[in-house]
Structure formats: structure tokens, C-alpha cells
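Below you'll find the structures, each written out as C-alpha cells.
There are two complexes below, and they share subunit A, which is joined by subunit B in the first and by subunit C in the second.
Now for the complex of A and B:
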């Protein structure tokens, strides 16, 4: 019998095979070979691409190198979104490996945040965890932790240490038995087809009558267009970590088992491919 | 009435089975043909040496 805990491992060890190629207009001293890498779905692009940066810098003139950024089919990829979310949102149902273009010039200021060091990623990651705990436990759990526990969450993610991360993160996933769930579910819903970055609202895991709210209830409430097709045909896919959970799945269970390390449930709504 | 110790109704819920199944299909799709790729994060192995 498969255990629910196995889902945590599957989520943690999800990988996207990726082919990085240098943008054609970048000036190099010799030809830049593509670079192939398995990217952790739960991590951040600028946290796991040191090797890619080094590889391409080797063939470039030093004066041509400035801040690295990544693009997929014309869309600049936001490093502050988890990699798995970027893939689900922009590249689901496309052939693997995922083909990402590497840039060193013309940083798209209006689309991307700067990321000059790993400290910036750590600050963003911890801010998300704190926001999530504010929703789940009125910040009580994260505030009761020590600084070294916060560091352990970050180091666990940075070094891909599942046990190290979950030894602390399990405390963020607890709730009083009498409550049956968190106060509110930390979630964000992304749609590739809209300009709005994401939808985030207050949503409780349990209905006033005591029954468990489901993924379908959440979507009906905050993003009805995702599940109410005009002509009866389901035109969208609701993706989390590269899969489509059934709309009957309890949202509390999803929050505990399929949140990203930042403690948010990142849900992508994308057009269903037509055969 | 027979008693099943290993399977509860909750464990056999369709949504749960479907998640396990899809995660395993995801691993097949995203990893099976690409295991020879380099990992982005190296797993360092610490070897402790010392005099016995």
C-alpha cells in the first residue's frame, strides 16, 4: 500500500530534463554548446544554474557578461517562481527536454526581479514561508521557531536534503486536532492566458457545515472560469507538480502533501491541448 | 463481516489513487529517458576518516 508520505518524496524529487542554449545574438569567442541538466521542480532557476552560467561564460568575452536570465519561447522566466510551476504554466504538453534560452544582455526589467546573490532567493523563500504560516497558523509556528530552524529549511532546499527540510517543515504542516485543518489555505492560482500574475484569496479548508472543501470548491469560488466551460467541454487543465489532481481532492490534503517548499500550493490553469 | 486491516475507505479513495498513479506516470515521462543527465544539485558525500 502506498503511503501518503511517499507523495512528499515524489514531490521533492521531481526533475525536469532541460536543455539550455545561448541566445543567438550573444557575442561569443567560440561556439557555445548546449548544456543539459536535470532541474529540481521545487527549486528556483537562479539557485540551481551555477553550472549553466559557468559553461556559457567560458565562451564569452568578459565584457559581454552581465546578469544571467532565462527565457522560454519569448517569455522571460521568473526566477522567484518555483521551476515546476514555470514548466507547468509555460511548457506542459511540450516535448522534453525543456528548451530554455540563456541571456546575458538586455535584462527585461519590467518582467523579472534582479537576483544578484543567493541571499535574495533566501529572502524571497523565507518571506513566502512566513506569509503561508500567517495564513495557516496566524504566524504562531514560524515565530516560535528558532533562527537555526529557519536556516535549516533554507539549507534543506538549497542542498536538496529532503530529511533535513522535512524535520522542520512538518511543524508548519501541523494543526490542532479539533480544527481539522489550517485556518486558511496558502495557495496561488496562475493562468498563462491572463496578464494578472496570480489569484490569491482567503479560503478555508473546511466548510461552515464541517465538510472538507475540495480543489473543485476552491476553483468554483476563486476562479470559476477554470472549471465552468461555456459549451460543456472542459477546456482547461488544472496542474500541480505536473499532474492533474481530481477536483474531488480535499484541499487540506493537497496543502499538506503537494505544497512547494515555500508552503504555497501553486496551481497552474492552462489550455487543454486539442488532439 | 470481514475485517480489513490494511485498507480503509479513505485510502482507497479515487482521488488518492489517481494522484499516486499520475505521479508515477510523471516520473516515467520526465525522468525515464533522461537519467543520464547531470543533476543540477550535486549530492556531496562526506567520508569520515580517522585512526581506529
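Now for the complex of A and C:
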């Protein structure tokens, strides 16, 4: 029988085979070969693509190289979203490898945040963790930690060290014995079709009567269009880390086991394939 | 980060304070409006204004025009450091369009100030240029801590990059100002109190007449004026 802890490992070590191609209008001195890479679902594009950058910069003149950015089928990819979320949201029902286009010019100022250094990624990652703990524990657990513990969370992510990360993160997944879960669940629901980037609301994992709220309860409350009426065909899929969890799954369990390292459940609502 | 206990703002209250705020803004022509999102019914305060930006002001000129608030605010704009910041370059004496949004954070239960700035031709200002436009006395404070810093973040309703004044210390200073019986402060408009304190850091000023919004008790007006001074 699979242990719950195995889920943590499966989530951490999820990978997406990706093919990076240089945008055709970029000016090169030689032909640019595509670059293949297994991307960690739980990380961020600008954190894991140093090799991609180096590979393409080799065939370009220095003056043609400005801040790198990525695009999929015309959509600029937000580096501050975890890679797995970007894939589930934009490309989950397409053939592998995921084809990403690399740009070094014409940074889309209106769409993407700048990412001039790894410090920016760290600041963003830690801000998400802090916000998640504000929801789960009124920030008590994150504030009690020392700076070195915060650093260990970041280093664990940056260096792909599961044990190092979870040595600290397990504390963020605990709750007082008298409670049956967190105060509120850190989650965001994404749909590529809306102008609003995501839906985030306060949602308690335990009902007033003590029952555990489920994923279905969350969706009904916060995004009812994701769950079509019984008579209609289910037009959408609810996806987390590339799978469709059963709607009966307790949201507290999902939060503890299928959150991203930033401690948020990033949930994609995508069109169901019609084949 | 201390002060997570203390005064928090419920979303319903936030909306009410914003409504009162907009009413007063309309009375004095201060340009604020409330924007509701079509899908979920939440919303935010919004104001756009234009400021003249003077660059490369010689020191003696700075002194002569020391009562010119705009020149003081923008006197420290520096040259961009490298080509990647070329997007934000405005020529001398450009008009800059500032857009300010006040949103509600349900996670922290506080208001948050989002803003962005661009030249008239649409080129956005860079973080360095925004930084440079911050009043000298606030710059030291911003550089010291991670607490009051300005970072670029995604606007949670529009999905576009904005600059955000970190809300970390909000609860702390609001608690300090509103300490004492909550009975006294039931009528204090939290938004006016908060915005009058954080706004000036990023070039946003509230006319003093906002302080008169809760005339019932003199203590409230005193508090609000104290925050504005």
C-alpha cells in the first residue's frame, strides 16, 4: 500500500520533457540547435534554465542578448508560476516534448515580471511561503523559524534536495492537536480563458460540524463553473501536478501532500480533450 | 515580522471605507474611483495622475526650486545602468503617467498599494527609476529593511506587472496608531489612515480634507491628521 510520504516524493521528482527552440527572428551567427531538458515540475523556469541560456548565447552576439524570456504558442510564460502549473494550464493535453520558444529581445513588459537575478526568484518563493503560512497558521510557524531555516527551504528547492527541504517544510504542514487542519487552505485556481490570473479566497478545510471539506466542496464554493451540472457533459478537467484528483479528496490532505514547495495548491481548470 | 495580532481589516469593512473614500474624492475632484471586476464582484480603488519629471537638475537649481514638490521627488532619477533598462528611459522633462490601485489582501487582511508608471509613449518605468523617484527621506528606510520594500508583482485581478509596496509592516503601524479602545476608532476610515501614511513614499499624496471624513468625534479627526502630518 502506497504510503502518503511516497506522494510527497512523486510530487517533488515530477519532470516534464521539454524542447527549447530559439525564436526565429533572433539574430544568430550560426544555426541554433534546439535544446532538450527535463524540467522539474516544482521549480521555476528562470531557476533551471541556465544551461538553455548558455546554449543559445553561444550562437549569438553579446549585443543581441538581453533578458531571456519564454513563450509557448504565442503566450509569454510567467516565470513566477511553477513549471508544472504552466504545463498543466497551457499544454497538458498536447504531445510531449513540451515545445517552448526562447527569446532574448522585446521583453513583454505588460505581461511578464522581470527576473534579473536568482535573488528575485528567492524573494518571490519566500513571499509565497509566507503568505501560505499567514493563511494556515496566522504566520506563527514561519515567524518562529530562524533565518537559516528560511534559507534551507530555498536551498532545498534550488538544489533539488528533497530531504533538506522537507526537514523544514514538515513544520509548515503541522497543526495544533485540538484542530483537525489548517486555519485556511492556501490555494489558487487558474483558467487560461479568464482575464483574472487566478482565484484565491479564504476557505476552511474543516466544516463547522467537524467534517473534512473536499476538493469538490472547494470548487463548488469558489469556482462552481468548474463542476458542470449533473445532466451536462463534464467539459473541464481539474488538474493538479498533471493528475485529476477525485473530487471527494479532503482538501486538508491535498494541501499537506500535493502543495508545491511554495505551500500553495495550484489548481488548473482546463478544457477536457474531446477524443 | 511582529504584530500579526492587532488590528485587521475585514473585507466588508474595506469595501465600505473605500466607498466613503470615493465619495469624498468625488466631492473634491481627487480622481479616485472604484473598479469592480465583472466575474467575482471584488474590486479595487484606482487613480491615475500625471507628473512632470525633471532629470539632471543641477544642485543650485534644486535649492532655488526647493518648494517645487515634483522636482524634489524626481531629482534623484539616475541614468539607466544598462541596455536592459532602456525600456524605461524617458527624455528630460517627460510627463509620467502614474496609476495607483488599492486592493484587499484576504491572506493578510490588509489593504495593499499597487502602482505602475509609464512615459506617455507607453514605455514603463523600471524598478530603478521608480526607486529613484522615491523621496530621499524614504529611500533610507526602504534600503534598510526587507519590510517596506518595493517589488514587482503580478496584479491579482488584472494579471499584469505592477510595483507593490510590501504590506509587511502595515498591521504594526496601524495597530500603533489605532491602539486603545476600538470604540473610539469605529468611525476612523482605515483606508485614509493607511494611504496617507504609505502613499507619500511612492508619490501619492492625500489632500488634508480627507481627514475630516469622520467629524463625529474629535479624537478620530486628530488621529487622522496626525497620520497625515
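Just so it is clear, the second predicted complex is superposed on the first by the 272 of 275 C-alpha atoms of A that agree within 3 Å, B and C clash if a C-alpha of one lies under 4 Å from a C-alpha of the other, contacts with A are read in each partner's own complex, and residues count from 1 in each chain.
As a convention for this text, a contact is a pair of C-beta atoms (placed from the backbone, for glycine too) under 8 Å apart; a residue touches a chain by one contact, two chains touch by 3 or more.
Because the structure is a prediction, the values reported are computed rather than measured.
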Looking at A:149, would you say it contacts subunit B, subunit C, both, or neither? Reply first, second, both or neither. neither
Going by the contact rule set out at the top, does A:245 touch subunit B (first), subunit C (second), both, or neither? first
So, A:71: does it touch subunit B (first), subunit C (second), both, or neither? neither
Would you sort A:159 into first (subunit B), second (subunit C), both or neither based on which partner it touches? first
Examine A:17 and indicate which partner it touches, taking first as subunit B and second as subunit C; both and neither are also allowed. first
Mind listing the subunit B positions that touch subunit A in their complex? 6-7, 11, 14-16, 18-20, 22-27, 29-31, 33-34, 37-41, 43-44
Report the residues of subunit A in contact with subunit B in the complex, numbered from low to high. 1-2, 4, 6-7, 10-11, 14-17, 36-40, 43, 48-49, 51, 96-97, 158-160, 241-246, 248-250, 258
Parts of subunit C lying in touch with subunit A, wherever the complex brings them together: 1-2, 4, 37, 39-40, 83-84, 87, 106-108, 123-124, 127, 151-161
Could you please specify the touching residues of subunit A with respect to subunit C in the complex? 66-67, 78, 80, 107, 109-114, 116, 123, 127, 130-131, 134-135, 138-140, 143, 186, 194-202
